[in-house]
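Quick one: the structure is below, questions incoming.
To keep things simple, chains are lettered A, B, C and D as they appear, and every chain counts its residues starting from 1.
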Amino acid sequence: MSHDDKPTACDPSAILEVTGLSQWYAIGARFLGPAQHLRAVDNVTFSLARQEVLGLVGESGSGKSTLGRAVLRLIKPTSGRIVFEGQDVTHMSRGQLRPLRPRMQLIFQDPFTSLNPRMTVGEIIAAPLVIHQKGMKRRRRDERVAEALTAVGLSERHARRFPHEFSGGQRQRIGIARSIMMEPRLLVADEPVSALDVSVQAQIVNLLLEIRRKLGLSLLFISHDLAVVGHVSDRIAVMYLGRIVEIAGVRSLFERPRHPYTEALFSAVPDTDPTLRRERVVLKGDLPSPLAPPSGCAFRTRCPYAIPACAAAVPELRVVGPAHFAACIREELELRSAGNR
Amino acid sequence: MSATLRAGDVAMDDAVVLADTPESARGSRPWQRFRHHRLAMFGSAAIFILVLATVVGPWLIPFDELHIDIRNRFAPPLVGGHIFGTDQLGRDLAARLLTAGRLSLAVGFSAMLISASFGTLIGVVAGYYGGLVGAALMRFVDAILCFPTIFLLLVLAAFIVPNVAMITLIIAATAWMEVARIVASQIATLRERDFTLAAEMLGASGTYIMFNELLRNAIGPIIVAATLTVARAILLEAYISFLGYGIQPPMASWGNMLNNAQQYLGSAPWLAIFPGLAITLAVTSFNFVGDGLRDALDARMDIG
Amino acid sequence: MTDTKRQKVGILAAGLAPNRRRLMAMGLGAGALVWSGPRLGWLVQAEASTPPAKPTGQIIIGLSQEPTVFHPLRLHIEVDEGVYFNLFSALWRVDPQGNFLPDLAAEIPTLANGGISEDGLQWRVKLRDNVKWHDGTPFTADDVKFNLDLINNPKFAAGRRAGHELVKDIKVVSPTEITWRMEHAYAPYPSILSWTFLVPKHLLEKASDPNNTPEFLAHPVGTGAFTWVERVPGDHIALAAYSGYHGGGPYVERLIFKYVPDLTVLYTQFQTGEIDYIGIQGITPDHYAEAKTLKDRVVTPVPQPFVENIAFNTGLPVFKDRAVREALYYALDKKSIIEQIYYGLPSPIESFLPPQSWAFNPNLPKHEFNLEKAKQLLTDAGWVPGSDGVRAKDGVRLEFTNSTTAGNHVREQAQQLLQQNWQEIGAKMNISNLPPAVMWGDYWMKSKFESAMVGIDFMVGPDPDATDYFSSRSIGAKGNSGQNTTQYDNPEVDALLQQGASTVDVEKRKVAYQKMQEFTRRDLPYLPIFQYTMVQGVKGKLEGFAPNVNVQENCWNANTWYWAT
Amino acid sequence: MARYLLVRILQSLVLLVLVSLIGFAVLHLAPGGPLAQFALIPGMSQADIARIAAQMGLDRPLPIQYWEWFSRLLIGDWGHSYRDSQPVLAVISAHLPATLELMISALFIAVVLGVWIGVMGAVRRYSVFDSLATIGAMIALSIPTFWFGLVVIYLFSVKLGWLPAGSRFTIGDGSFLDYVHHLIGPALVLALVEVAIWSRYMRASMLDAISQDYIRTAQAKGLPRRIVLLRHALRNALLPMITLAGLELPTLLGGALVTETVFTWPGMGRLFLDSLSYRDYPVVMGLLTFSALLVLFGNLLADLCCALADPRIRLT
């Protein structure tokens, strides 16, 4: 495999490049007493092309959300490098980031807590304008709010209401309206539908895709639901215990997963009958504590294909197919794909 | 641009539902709860009457509260047209009681405004920034809370030239910590909410987040604390005036009327009884209202 | 309550030693010392009933201030001296008639007996030989020398040095005889010695720092009629009879000084009999009428040398004009203040001296309450009312603040009455009262006040010499040492003060001071209001009690008190 | 546990330094001083005053004065009173028993009455008793302590003559009964506010306890209501009250000051007021520091008791 095949390559068309990103948290670092480190994100490298939709999938606790927030620089990464639109944002201060904020936005998982309960919907959606376009006339602002509300399928009459008067799906629309107000180039959607009723999920996903198409933005779509991710994404990255274990185009990944964990995730995806859905049924045991991850391949403790060598070293992401990378030493495995169960 | 998206582009079945939601449902719930709180309503009425009486009352009484009639000292209630009697200088007690109330209530309100604003400021900053700044501020609050209020108040009062503004200030200086604590803990919790992160994501400054986003969520507890602070401030004014460090003559406050009255407890008890009842009534009313507001604005019931 | 104490401090601050000065005026100053016999317990003989054979019972003295300093030479306040009289002894003490009575001294030194030389410079004091400190150690002339040296020790925080600093060449001739030389003649010195209580050399000489004697301060040892028992801080001090006392008595087992900070409670306890004697501030005027009717209680108003004044800071433009001061005096309703606010107890006065002083001028113009005259005076002097009724002249408004010790209720009442009086003639007075620790500091001493309500005893030492208060060379605001805080500056008064101080001829002095009182009555740097009267109460069955205007505390002779059986 | 204790004690020490710094600054930056009232003593020259000020160390720069005071404090020397030259600690400890006597008896009344009223109120929620107790507590919290004291004195001392008007004991009597007789008035007055606070907290705590699942389970099992309430609910409801005792210390201390003033009680409050008006800096500083220590200690003790009594609370 050549050096160029590595996903770390500097790509001028990429809107976001992440290199060796780690996010550790010190736990128990109190006055007196030793600290432990929680490796929420550990040495993650990927890039996101313009207008591309990258799905990020993994169990809860795998570090997806942390990664999402780290690339947006809502938190300061422990190490690594984040380049957004050619600018190194890794060490920027809050003040330095402020002018970049309109171009990168986040959609939250929980539409109940991400909207300020004491602000009207109008105020919430107008907030970006208040912050970044201070000189804007109030009437113009109201117009923009009305447009945004209409764009996400709400009515301008709703601007005077408070978030708690809305359903979950509606709230998520409000959140989306807010995040697209400043026409971002990068949108990170952090489990945008997982808190919603199944019936509403599709609407929101479709709204997101619609917006992506209209605005031509890049989307980092984070979800634990492989089916949703598969529906939305161009490419998918699979995370396990803070690391990306496999990253590939949707078709390639769905047809031929190259990491046992990806296979396990497929097994959890409901087929046609939602009542059969039982997540991670093939995995033994619980997710290991991120405070003390297993040596070598972190997945080996739950992997049906684990061999002693798996414990030796942390497997690197390697090219296993066209634009298909996986971090498993057992390349020979023929894993079941999404279809054949 | 968002304008290029039209409503029809996406399915919006769930969006249609809320067309009929009653307008401003949120605004009325606490108010209804408050209106059903009998003591709070009693308190509100009493405060209204007190304020009205102290503002308008002095004009309705045919005596000037400062006019000394030295030969008519210690007239008992109802004698010579003085419904509450006269004081040690022959001044009409009712007139003095009302103008004193004006001052005591004004001191209470102003001290509340100052202490609530300052406490809120400290609390918001401490709660939002946390870390070293927050810890330093909250330790400062703790340190001041270590003093029994009266001790602190007296130490301050013993060293200033007593006038209304200074008295108000020192009362405020000993009453802001509670608000600061409440606000700090509220803000610290709110700070962890996603909407704070959302604001940060929008590129909002710390000041914007603190005062535009977070503060409005802590307003309920602040209002409750502020109401109770008025009650406290009225009491504190009475305490320091009683101990001789408060409002100076000839201006009357309920506290210094009591201070002057205790000497005549045996011979002219009405001098002590009426101001004492006035203080109790005012303070109780504010406490009732505060209690009612606490129930009505209970954050758990309301925040999304 | 606190304010009662502060009220006291206010008066206190006006002069710590009121009564004894009159004694000097009558005694040494007038050159008419009356000798009494060598026995101290003479009063006993005057009593009808007889004291018990051995000390019986206890007496509780109620005080509104707490005695705290038990080293009599240190900085202390008036109330502490009540304890000193019974715990310690001075060389001599003074009786109600103003006579000196030998105490530790065997006799009073005079010109006649050769104790004081013609020029007043050489002193010789003979001491008793039968005096023992409470711990049994004999008292000798060395103790006297030690005390005089201690007062002048620069390292010692002595309360007052006036008079003592003139003492030089102290020689202990024998254990019962001591001599010294005065730097110059100082007539009041015998009086000063009458309240200079002596402390034991043998207990204090070893202290390397004379200020640091915690053992002595906690358990003072003296030669008085009572020994130290205990002090319960904030509550009381207990003394017990000293069997080895050199004078008459004591006839009670215990003497207790009880601290009751609230005058009303103090009175209530006197009423119920918990307290046998009320001292210092006495019974408040509003309780006087009721107190007189109490059974088995003797309640007496006792005149004091304090004069209640309104002091003007004549350094201010508004008070420079004598017409203003005069008009304010005309507009002062003295009668109402005295009769209503003070229940008619104190007596009106025109001078800064009490009528009991030999230099008192009884022929000063009488005060007249006349608002019309006051207005006329102001109008004539060019003070015309402005739109708000307040007069002004040449851009100076007739508006000023009046200050006194905050929390003194009765004074505050008088202030408010004055405020109303003066408002009627177009003078605006604002009340700005201050805590005592602020009021009597630079604010008063350096003339930073505008006007003040203050009770002052103007006499210094034995006589009416008020140089400290009226001489233009005593203005603290101008860097001088003195208490001319009104900044009164009158060359004629300066001359009269000089004249009065430089002669020993009493008649000549009297002329000078009487003339001077005419000037102060005319110029009115102070508006004299009244002479203070204290109402003291004592249980009827307490025998031997003798009010004494010449001392701080009427328990001056508690060694002879006893309960009638 | 030991680590928690250590951390808390260190925190408290930091607070103590802050407290003393604030107190010192306020005291010394204010106008006036301890010698002002001696300035008018006849024969006392301004040079004399300056000399005494220097002997007392009052002429040195404030930071140095503070450092001297503080460094002595560290070795247990709290300085000497300007008034009676006694060590500050001795002065305070001489006034302490009177205050403690008052505070403890008031607290006793408050705990007994407050817990009873609170429990009854919670058990018979919304009954007439409960409503009256609620209103009563609110009014009690609103009555100025000193005024209530005056009313008590007026009624029981002046009018009825049942109680003494002040002081801690009759000199010459001093029997236990005499002490109790004197204590009744001030203790009742001081207890008033505390009863209100305790009953309010107790009611809330008891309501909380009653609504717990296991209480309902116990009731469902048919255990007599009385037993359930007393044995299970009350025990759990009392737990948070331990903390209250610690947190209420400043209020109690402040209340004691006012009560002592009204009843001329020779305690720390009295001492504080006297020392303030004499500008007796060492004693005022000592009292501030001492009360802060007391408060900090109370809080710490409350936390510890709570932790020891309830294993669910982890001290981290």
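Things to note:
Just so it is clear, a residue touches a chain if its C-beta (ideal position, glycine included) is under 8 Å from a C-beta of that chain, and two chains touch if they have at least 3 such contacts.
All values derive from a computational prediction rather than experimental measurement.
The most centrally placed chain, judged by C-alpha centroids, is D. Among the remaining chains, the Cα-based centre furthest from that of chain C is the centre of A. Taking each chain's centre as the mean of its C-alpha atoms, chain B lies 49 Å from chain C. Each chain gets one centre point, the mean of its Cα atoms, and the points for chain A and chain D are 56 Å apart. The centroid of the Cα atoms in chain B and the matching centroid in chain D are 24 Å apart. Residue positions of chain A touching 2 or more other chains: there are none. Taken residue by residue, chain B touches two or more other chains at 158-159, 243, 262, 265-266, whereas all remaining positions touch fewer. For chain C, residues that reach two or more other chains under the stated contact definition are 1-2, 6, 434-435, 438. The part of chain A that touches chain B in the complex is made up of residues 69, 72, 74, 94, 97-102, 105-106, 108-110, 112-119, 127-128, 130-132, 147-148, 150-155, 157-158, 161-167, 169-170, 173, 175, 177-183, 199-200, 202-203, 206-207, 210-211, 214-215. Chain B contributes residues 1-7, 9-15, 17-19, 21, 25-26, 193-195, 197-206, 208, 212-213, 216-217, 219, 302-304 to its touches with chain A in the complex. Within the complex formed with chain D, the residues of chain C that make contact are 1-2, 5-6, 9, 12-17, 58, 60, 66, 68-71, 74-75, 154-155, 157, 159-163, 211, 214, 217-218, 232-236, 256, 258-262, 265, 268-269, 272, 274, 434-445, 457, 460-461, 468, 476, 481, 483.
Residues 39, 139-140, 142-151, 154-156, 158-160, 231, 235, 238-239, 242-243, 258, 262, 265-266, 269, 272-273, 275-276, 279-280, 283-284, 287-288, 291 of chain B touch chain D in their complex. Interface residues of chain B, counted against chain C in their complex, comprise 66-68, 70-71, 73, 88-89, 158-159, 161-162, 243-245, 248-250, 259-260, 262-267.
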